[in-house]
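Report on the following structure.
Residue numbering begins at 1 within each chain, and the chains themselves are lettered A, B, C and D in the order written.
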Amino acid sequence: MTKKLRVGVLGAGRIGKIHVENLCHSVPNVEVVSIADVAVDATREWAKQFGITSVTADPLEVINNPDVEAVLICSPTDTHADYIIAAAKAGKDIFCEKPIANDLEKTKAALKAVAEAGVKLQLGFNRRFDRNFRRIRELVQTGQLGDVHIVKITSRDPAPPPIEYVKVSGGIFMDMTIHDFDMARYLTGSDVEEVYAKGAILVDPQIGEAGDFDTAVITLKFADGSIGVIDNSRKAAYGYDQRVEVFGSKGSAAAFNEKPTNVEVSTEDGVCTDKPLYFFLERYMGSFAQELQDFVTAVLEDKEPPVTGKDGLEALYIAIAATQSAKTGRPVQVSEVR
Amino acid sequence: MTKKLRVGVLGAGRIGKIHVENLCHSVPNVEVVSIADVAVDATREWAKQFGITSVTADPLEVINNPDVEAVLICSPTDTHADYIIAAAKAGKDIFCEKPIANDLEKTKAALKAVAEAGVKLQLGFNRRFDRNFRRIRELVQTGQLGDVHIVKITSRDPAPPPIEYVKVSGGIFMDMTIHDFDMARYLTGSDVEEVYAKGAILVDPQIGEAGDFDTAVITLKFADGSIGVIDNSRKAAYGYDQRVEVFGSKGSAAAFNEKPTNVEVSTEDGVCTDKPLYFFLERYMGSFAQELQDFVTAVLEDKEPPVTGKDGLEALYIAIAATQSAKTGRPVQVSEVR
Amino acid sequence: MTKKLRVGVLGAGRIGKIHVENLCHSVPNVEVVSIADVAVDATREWAKQFGITSVTADPLEVINNPDVEAVLICSPTDTHADYIIAAAKAGKDIFCEKPIANDLEKTKAALKAVAEAGVKLQLGFNRRFDRNFRRIRELVQTGQLGDVHIVKITSRDPAPPPIEYVKVSGGIFMDMTIHDFDMARYLTGSDVEEVYAKGAILVDPQIGEAGDFDTAVITLKFADGSIGVIDNSRKAAYGYDQRVEVFGSKGSAAAFNEKPTNVEVSTEDGVCTDKPLYFFLERYMGSFAQELQDFVTAVLEDKEPPVTGKDGLEALYIAIAATQSAKTGRPVQVSEVR
Amino acid sequence: MTKKLRVGVLGAGRIGKIHVENLCHSVPNVEVVSIADVAVDATREWAKQFGITSVTADPLEVINNPDVEAVLICSPTDTHADYIIAAAKAGKDIFCEKPIANDLEKTKAALKAVAEAGVKLQLGFNRRFDRNFRRIRELVQTGQLGDVHIVKITSRDPAPPPIEYVKVSGGIFMDMTIHDFDMARYLTGSDVEEVYAKGAILVDPQIGEAGDFDTAVITLKFADGSIGVIDNSRKAAYGYDQRVEVFGSKGSAAAFNEKPTNVEVSTEDGVCTDKPLYFFLERYMGSFAQELQDFVTAVLEDKEPPVTGKDGLEALYIAIAATQSAKTGRPVQVSEVR
C-alpha cells in the first residue's frame, strides 16, 4: 500500500485546518494537493508550512482538479450538500463534516448523487473513532456484554455557543444531540424506532427566546427492543462531559471523561483530580486523526467507509423526530419521519 | 435525652428482624417491648437473645399494649394501612415499611387517620439514610451544586424476584422504581409533575406474561423545571447497581456503588476490583439503622419525621403515573393521578 | 455454639470502652461480667447502659473473679505484662492490647507464663482484621499473586501525639511502625530477617529534641528473600493514610484508604472526593469488632487465636532492630536482637 | 521565532527513528538535515518518507556538516561520550540519549568538552516530560504540597531484557533505576546525599548469575532532609508500572499508570479496567516529542536546556552509590563517589 491518496480540501476554518494538519503529520499515504477557502491569502500563508502551494477561492476548482482524487468538505453546513453533489458528479470520493444538511430533501439529494456516481462518502462523526467508545463497541460486537438492554449517553458542553449561532443551528437536537444519536446507533448496532425528547431552558433564557432548549433528556427505543437515554446540557461548570455506558445481559461497560493528567492531589481541602478536558478539539484530538486515516484506507483499499451516508441520514431522522417530540410533548416514531 | 422510647414491632420477617436487631444494638434510647408475628414460637425463641419476652400472634395486642409508645409495622404490605389506622387510633407513633398501600384509597385513609390522631408517621424509604445519597442531598441543599438541572438514578437489581411475587407486586414501578421516585424527590427537594415511562421485557419473558416489565427508563419533569431520568433492570449480572448523579448549574455530584473491599488486583488478565455488594440488605445496612435512629429521635424530641406520609403518597402518585405512561405510551401528568 | 463466654475487662479508657461496646452490641456469644478501672464511679455510671453492674478499681478482683473466663487487657502498656502473668496464673484466656511490653524481658516473661498455664493469648493487632488487608492476605495465601516480591505499606497519622506521649512512647518504631511490622508479617506470611530504618525530623523539631523521629522509611528483608518497605509520617495534612500493596510474580494487589462517602463532586474547582477517614477509631471500627469476635470464637471453639504471643514478640524484635538501625545508620539483622 | 533549527541525527535505531518522526511531524521549527547510521541503505529507504536525502555511515560527516546546527546522539551508549566531544569541538548543540557513559571518567571528559565549547547539552531523561510527573513537579515548585517529606517512585518493567543485554547493561541501578534517580531529583528539586539499595533475585536466577539484581528497593536521603524510596522489578505481570507520589507538609500528590482506554467493564467476574500500557514507547510517547520540542526551543531561544549535563552526572553518581550499597550491604554517601 505505497500509493498516496491525493486530497483536496474545501474550507480551511477551524476544523479544516485540523484536518489538514492531521493529513500532513499523522495520516500515512495521503497528500494534500489543493485547498479552497474564501480567505485565500491567509490560507496560502498558513499552508506554506505543509508545502501546500495550490490555494484557491473557488471550491469547484479543487473539486474538478484532475490531480484531486478525494475531497474533504469542511465548509459551512449549508454548502455541504451542493459540494457533495458536485464532487460525486466529478467522480471524487468524499469525506464530509456532519451533517450533510439540516433538511431531509437536500440530504437525500446528496446521497442520491453519491449512489449514482458510485463514489465513497464518509461522514465526520468523529466520536466513533474515540478509543474508549470504540472499545465499548467492540465489547458489544464480540458479545462480551450479552444482549444490549440499556444504553446511556451523557453529553454536556462546557459552555453554550453564541446566541446568534443558536438561532441558525437547527436546534439542540440537530446541532448537538445528533452526535449522541449517532453514538447510540454505533454502540448498539441497532436502529432507533421511537424517540421521546424532554427539553428545558435552564442555562440561558435567551436560548429559550430563540426557540431552542439548553437542557434535554431523550429516551430512545431501538429496533432490537433495548432502550437508550441521552442527557444533554449546553453548560457543565466543570467542562466537557462525555461519557457512555452500555448495560447488557452479561454485564456493563462504561467510558469516562479524559483529563489533562491523572494526578490526584490530597490536601486538607479534599482529594482532587483534574477537570475533564474542556474543549472538544482536545477531547477528541485522537479521533479526528483516526477518522481520516480510516477514510484514506477505505478509499485506497476500496472498502466501505466506517461512517456512511445512511448513518448521516438515520441520525438526521432521529434528530427531526426528537425535535418534533420535544415540541409536541409526545413520543415520535422515526417511521413518521422517514 | 435519657428517656427511652418503648416500641412494639408488628411482623418479625426478614426486615422486621433487622429492625429489632438494630433497635437492640445500634439505636440508643429505645426499648423493644413486644413483638407480634404469626410464627409465635419461632419468634419467641429468636427474641430471647435480645431479652424480649413479650411475643404474641395478635398485632392488636401490641398496638393496644399501654406499655408501647410507638409501633413498627413490618408486616405484609396489604396489612400496612389497617395497622396504621389502628395504631393512629390508639395514639401511637408509627414507623411503617413502604408502601402504605398499593392503592390510593387505602393510602389516603391511613394518612387521614394519622392526621386526625396527630401521631407521627415515618415511612421506610431507607435509601434516604444512605451516607452517600445523604451527602448529595446536602450538596444540593447548601447550594454547592447551584440550581438542579438533571438528576440521574441508576437502580438495578441483581436478580428478579420469583415470578409469583412479580404477579402480586403491583408492577416494577410500584414495587421497585418507587424507591427511585422517592430518591428523586429527596435529592432535588422538588415534586414531580410529569412522568414518561418506557418499559421493556428483556430479562425474562415470564415477567412480560405476568403483565409487567423487567427493564425501564423513566423520564421525570420536576416542578422546578429540572429533568430526571431513572433506569431500572431486574437483573444486573455484576450485582446490585445503585448510583445517583445530580447535575446543577455549579457542578455535578455522583454517588457510586459500595463494594465488599476496595482492593485492586492487577494481573495478566486486567486490573480488577470487587463487584458491588450483591444484596440490598448488605448495601443498605447502615441506612436501616440510621432511619430508626432518626425515627426514635423525632418521636422523643417531638420533631417531624424525616420521611412523612406525604412522601409516601407522592411516590405512589408517581408510580401510578409511570404505570399508566408505560401502558399508554404517552407522558402522564401527576396531576391526572392526584 | 450457644455457650456464652464470660469476659472481664481491665481498663475502660478509650479503647476499653470501644471493646465493651463491641462486646455488648456486635459480638455474639459473649457477656461482659466485670470491669476494672481506676475511675470507678464514672465507669460504673457509663457501664449501666450495657447492664454491667460489677465495676471495681482492682484489676486482680476481675482476674480472679470465678465468673470470669477470659480477660481483656486495655490498661496502660506498662501494666500489660503483669496482668498477662496474673491472668495466665489464674487460668484465664487473654486478649491484650498491643504491645505486651516495650522491652524484651517483660515480653518474654509474659509469654512464658502464658505457655506454662496453657491459656490462650490474642494480641490487639486490629489491622489484621480490616476487610481490605484481609483480602490481600487471602490473595497471597491462595497463590493468586504468585510468589511475593515486594510489599509496600504506607502508614501516616493525621497528627502527632502530644509531646509528653512521644517522650514515653518508646519511639516511632515501637509505638507506630510496630503495627506496620505486624502487617508486613501478616500479609506475606514470612518473618523479617533484616531491617534498615531511615528516620527524619520534618514535622516537629520537638519530636527530635525528645530523641525520636516523625518521618521514616524502613526497608525489610524477609526470610523468603522478598523485600518490604514502609513509609511513616506523624502528620498527613489530609488525614489518616493507610494503604498497602503486595507485588508478586503473578501480579499486584493494593488496598486504599477508606472514606466517609464515595461521592465525587465536579465543579469549576476540580473533581474532588472526601478525604480519608481522619481518626483511627473510625478507620478501623470494623476491625475492632472483628478481632473480638475472632477471639471469642477461638476460645469457645478451642482454636489458636489469629494473633499470637509470637506475633507480638516478632513485631517487637523488628521494632527494636529498626530503632537500632535508625540510630546507628546501618542495616540490623533481626537475629542480632532475637 | 520563525527560524528553523537544522539538526543531524546519529543512529537511526529504535529510539533514533522515533526522534526523527517526532522532529518531522510533531516539533515545529526544526529540520532534519542528515542522518548517520551503519545500515545506510535501509536508513536511506526509510528516510525518504520524510524527504530526508542525506544519509551516511559516518557520524563525523554529520557532526561536521556545516549545514547541521545541532546533533542528536542516538547511537549505542559506548559511543555517546566520543560523539559529544566531537560535536562540542565542532560547536554544535547536543541532544544525547542517556546515559553519557557508564563510567565517571568518560562522563566528566564529555562534560568538560561541552563546557569548554560553550555549546548546549540536553540529556534524554524523557520521563521528566511526561504530563503527569511534570504536573507533580509543578505542585512541588509552587509550594502547593508544602515542604517535601517523602518521595515514592514505583518503576517496574513488563519483562526483563535479554540476558545478554543484562550482562553489559552496567546493572539494574545503572540501566533501569537511573531514570528513577533522575525522577527523584526532578520531582524534589533536591540532590541526593545518601543511598541504601537492597537488591534481590526473584524474577530470573540467570540475572543473578550475571551478577545483577532483578528486584530492588532503594532508600534515598536528600540534601533537604527528606527521604525517598524507589521500588524496581524487572517483571510486572500486568505491564509497565510507572507511578510516583510526593508527600509534603501540606499534602500529597500521586501520578498513576496510563492505560489504553479508560473503559470499566462490570460482569459476573468483577469490575475490570485495562492493564497499564505495556511498552515504554507507548507509555512515554508524548514525553519523547516534548523533550525534543523543549530542546529545539532552548537552542533557538538560547536558554538552558531542561535536562543538563549535571543532571546526567548526578544520576550517575547515585547509580554508582546504589550499586556499591547493594554489593556491600551498607548505606553509601554520594560524596564518597563524587
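We adopt the following convention: a contact is a pair of C-beta atoms (placed from the backbone, for glycine too) under 8 Å apart; a residue touches a chain by one contact, two chains touch by 3 or more.
Given the structure is predicted, the values throughout are model-derived calculations rather than measurements.
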item	value
Selected interface, B-C versus B-D, where C-beta contact pairs are more numerous	B-C
Maximum centroid distance from chain D, chain identifier (CA atoms)	B
Chain B and chain C, separation of their C-alpha mean positions in angstrom	39
Rounded Å distance between chain A and chain B, as computed from the means of their C-alpha atoms	43
Approximate Å spacing (C-alpha centroids) for the pair chain B, chain D	58
Sequence positions of chain D contacting 2 or more other chains	236-238, 241, 250-252, 266-268
Chain D to chain A touching residues, read off their complex	25-26, 131-132, 135-136, 139, 144-145, 250-256, 258, 260-268
Contact footprint of chain C on chain A as seen in their complex	236-238, 241, 259, 266-276
Residues of chain D defined as touching chain C within the complex	146-147, 149-150, 152, 154, 156, 196, 198, 200-203, 215-217, 219, 221, 225-229, 231, 233, 235-238, 241, 247, 249-252, 329-331
